[in-house]
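What follows is a set of structures for review.
After this come two complexes, each holding chain A, first together with chain B and then together with chain C.
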Partner chain A sequence: MKKYLTVFQLSFQNEFTYRLNFILWRVRNILRILMVFFLWNSVFSGRETAFGYTRPEMMAYVFSVLFINTFVMSAPSNDNVGSQISNGDLSNFLVKPINYLHYWLTRDWASKLLNILFATGEIFTLYIIFRPEILFTNTTTFLFSGILVTIIAAFIYFYLTKIVISVAFWAPEQPWGLMFVFLVLYEILSGGIFPLDVLPLNIYSILKFTPFPYLVYFPIKLLVGNATYPEIVNIFIGSFSWLILSKWISIKLWKNGLKVYSASGN
Partner chain B sequence: MKEIKLIYRYFSNSLQQAIFNIPIFSIFLVSKVIRVALFAVFIYFMLSGLSNIGGYSRDQMIIFYLIFNLIDTSAQLLFREVYRFRPLLISGGFDMVLVKPFNPLIRVMVGGPDFIDFAMLIILLSTISYYIVFVTKIEILSFIPFLLLIVNSLIIAAAFHIFVLAIGILTLSVDHLVMIYRDLTALARIPIDVYTQPVRSLLTFIIPIGIMFTFPAKALFGLLNWQLILTSFVFGLVSLFLSLKFWNYSLKYYQSASS
Partner chain C sequence: MSVISVNKLQKFYKVHQKEPGLAGSIRSLFKRKYYDVKAVDGVSFEINEGELVGFIGPNGAGKTTTLKVLSGLLYPTAGDVSVLGYTPWDRKPAFQKQFSLVMGQKNQLWWDLPAIESFILNKEIYEVPDAQYKQTLDELVDLLDVSDVLKVQVRKLSLGQRMKMELIAALIHSPKILFLDEPTIGLDVVMQKKMRDFIRQYNQKFNATIILTSHYMDDVKELCQRVIVIDKGHVLFDGALDEIIKKFANHKLLTVVFSKEVTEKELKKIGTIKEFEFPRAVISVKRATASTAAAELLQNFPVEDINIEEPKIEDIIREVFTGKDLA
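Moving on to the complex of A and B:
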């Protein structure tokens, strides 16, 4: 455990090494949320409700997207694991007394902590600038459920991306192809641009069987308090199921991948 | 003439590379189609439940979005090589470009067109044509300012990319600047009229993504007056002139540090 704590500390410090890159990355996150904010702002001009949401609920959703997306998606492992398998740098880790996936999971959490600190400041600044009416849940059950489901979402995202990246074991020349597909699907289907219940019921029902809503949409739904108690139970069952399944598949694929890993390019 | 032969050679080489790896080409193309389609589906369903957003109907919003993609994809097709400029700079490879007997800007701007975007462009053009012919009623005369403004948008996009290249020479930072450009342009997936003031003016005249992406679509619908069309062209030419000046300035400070 102590070695992972050291990795966490070093990774946290490492994030400060490339300060300009980090600041530009945060600027990009704010820009992404601006379009969504103004789009929904325009939808609610002259309307009290739309798609079952009031303006304060929708504004809470939009602001939460910045926070949840930052928390779930801050993962430097995605930029490194694929290339380390492809160019053979993985070998350096395999000979060390450390679990490679745990190593990157620790680094991801260091990045999440730093990004969340900045996201909090950004949300506060945007709130001061735009002064939107925001309505979050005032029920502790929803709040704690939302926080717990968000933490699970970060783990699901980690394991899902490792499943996708493990393609590099079998196709080391193109580790990015499937990742691009995953990120494209994540961008829209996770609920990062719009609440998924805006879609027709049959499409929404199908989406609930994929892992994407459990990454952004359901955590926010709980934080906003826009759910019933039976829905909370269903969300928890879905989240835990995807966590267990994605972890199992990623570990299985990782073990099989290591059997075909040839350390080429090293 | 030499430059045209050179650009033809770059396009030919890129096409061969794209054909060489059909599975990867297909994966990226399908992903890009999914990305465009999913957001279009969202606009479709959202406006099916509402009469309009910012005064624009569902079909108009979809055409705004498709035209945004048309311009964005064209710019990516042409200027993809800008994304690869940093490795060229830090490896010292740019020295080899500078000593060759042609304008180095051609190499670093259009040296690696992306044929995935070319395939995407064909799909987009087909979809836009379908929408214009069968779904909306648009006057033939509107096509003249529309096409001219599309060319103007590509001129502004070129100016943007030249600025990024020049800043890259001075600071060695390219990647995030290009991505910020991409995120800024993504704000124009919806018409800039949807944004409230002063953001709307900022996105039109300071960061001219409104001129680049919203104006052509507005001209197509006959919603743009001639003064704004003229302003757009002046803006395009001035931005290109300034970017070229800045490029020449930056070249004087190129240090060839890694070579």
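Moving on to the complex of A and C:
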């Protein structure tokens, strides 16, 4: 569809106009990775393994987080959709022959692509500076399945956030509070700070039934090659299920939301 | 042939009522009182192809809500609406390609990019063929005289320039129907005039059907042969602008200039005094008795000049809305 291609191009141009914003967002990502890096560095000082991870394995995990987080979380839609519902700017889109969610999905992907380019550079630089021992036991199967699951993760993240944001239809002042709660949960439960299997087994097994591990932890598990074949299959089943479920719920909520949408402002 | 038909349209909003003050805010956290706002309550009208119709009414009368229903943004509470044979809130692309909604207080242009980029995006969204796009754009740019600022970031444009760009963006797909909500809001008089000229030209050149809402009576007076007066969700009047005077103005204004001092008390016998500052007085009298009142004035007062006028349309409408009798 040519219209979405144009949206993609404009988004790319638009990202460049907010240079400072973009740079700060990247700085935030690097700071986070440094924090996690030093945290694990001190945990591993004087010992070979911790929580069942060797130092090179953990370093591979930490560096993958930067990459995956950048890819999954770069989503300008999160900052815009809620306010567009609340202040009525959504109206501009509803009168046109364009799908609003696809519009934002396209803009998110433009942002993801741009951010991934920068993240690659950052990871390379950090690697040069710290020269950590990194262990990837990779095969093409892992790499491909890892990339595929990461791409699905980006879609799940998109639909989950849109489910959260759709609360704005019913309570125009609410989306930020709920979004904040969601993001905090995301940070902790998705595996962005520590690999989830360091958690007690019972907590970990409950977490597996939420969408969060599918956003960061499982994609990394595949990318670094730390999974058995049955696990790969399970991850794929879970990942697809969450994709379908989150998409279905978000579309349903949006349909109902648009019925109560009051196109406020003016 | 009617292109827009609205039959007994109702749109109610649920609004929660908040008691004033902090205590009220806290109370509203736990218990909320809801009540229905009847934004539109039983509105019906038909509009034919090529008509330029003005919606007038005070803030909150239901004008904008009606436009929002007509453009498919809102689902009505009750009633039938058909625009070009479509039900607006189905939001069919075939329908959306044929109309445009311009809201004076909303912008659709990408703030950080030149306006031309937004035009290109709209071209793709509405699937306008290249040749048609080029021709329409050239025409609009020419009519609105903005060729020199097409490539300037939207944020750097003046309000007037931006409104022109908003119009171009809204018209790039050559809509047959145009909903203009306060298109001249915030513009200076020169700019307002240009905007009006443009709207008239667009209406005549393309036989486009246009509904316009405005707070500026000048917009309506200059542009619309037909007006629909809405207040509190009801249609008060639907017809030619001049008819409003006949229907609602049951009085005329006598403007008199006196050559010698007269007292207010004496003048009161003639009619209601609207203004009195010697030597000039404006007196409101019943329409039927206007000529007798004038004769009486000429006979019994030192009149230097006298003038019988219809009241101003703004005044009539204001009085209609405030529910006061004019005389």
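Here are a few things to note about the model shown:
By definition in this document, the second predicted complex is superposed on the first by the 265 of 266 C-alpha atoms of A that agree within 3 Å, B and C clash if a C-alpha of one lies under 4 Å from a C-alpha of the other, contacts with A are read in each partner's own complex, and residues count from 1 in each chain.
As a working rule, contacts are C-beta pairs under 8 Å (C-beta built on N, C-alpha and C of every residue); 3 or more make two chains touch, one makes a residue touch a chain.
Here the structure is a predicted model, which is why all the values come from computation and not from measurement.
Once the two complexes are laid over each other on the shared chain, residue contacts for A:Ser205 go to neither chain B nor chain C.
Judged by the touch definition given at the top, the superposed model places A:Ile98 against chain C, while chain B stays out of reach.
When the shared chain is aligned, chain B comes close enough to touch A:Phe51, but chain C does not. Contacts of A:Val27 after superposition on the shared chain: chain B is touched, whereas chain C is not. Once the two complexes are laid over each other on the shared chain, residue contacts for A:Leu185 go to chain B alone; chain C is not touched.
By the touch criterion defined above, A:Thr141 reaches neither chain B nor chain C. Comparing chain B with chain C, more residues of chain A are touched by B.
Once chain A of one complex is fitted onto chain A of the other, the partner contacts of A:Met35 are limited to chain B, with no touch recorded for chain C. Of the two partner chains, neither chain B nor chain C is touched by A:Thr125. Within the complex formed with chain C, the chain A residues making contact are 2-3, 5-7, 10, 13-14, 17-18, 88-89, 91-92, 94-98, 259, 261-263, 265-266.
Across the complex, chain A is touched by residues 13, 64, 68, 71-75, 91, 93, 96-97, 99-101, 103-106, 108, 110, 112-113, 117, 120-122, 124-127, 153, 181-182 of chain C. Chain A makes touch with chain B in their complex at residues 20-21, 24-25, 27-28, 31-32, 34-35, 38-39, 41-43, 47, 50-51, 174, 177-178, 180-181, 184-185, 187-189, 193-194, 198-200.
Against chain A, the residues of chain B that register as touching in their complex are 21, 23-24, 27-28, 30-32, 34-35, 38-39, 42, 45-46, 49-50, 53-54, 173, 176-177, 179-180, 183-184, 186-187, 189-190, 194-196, 199.
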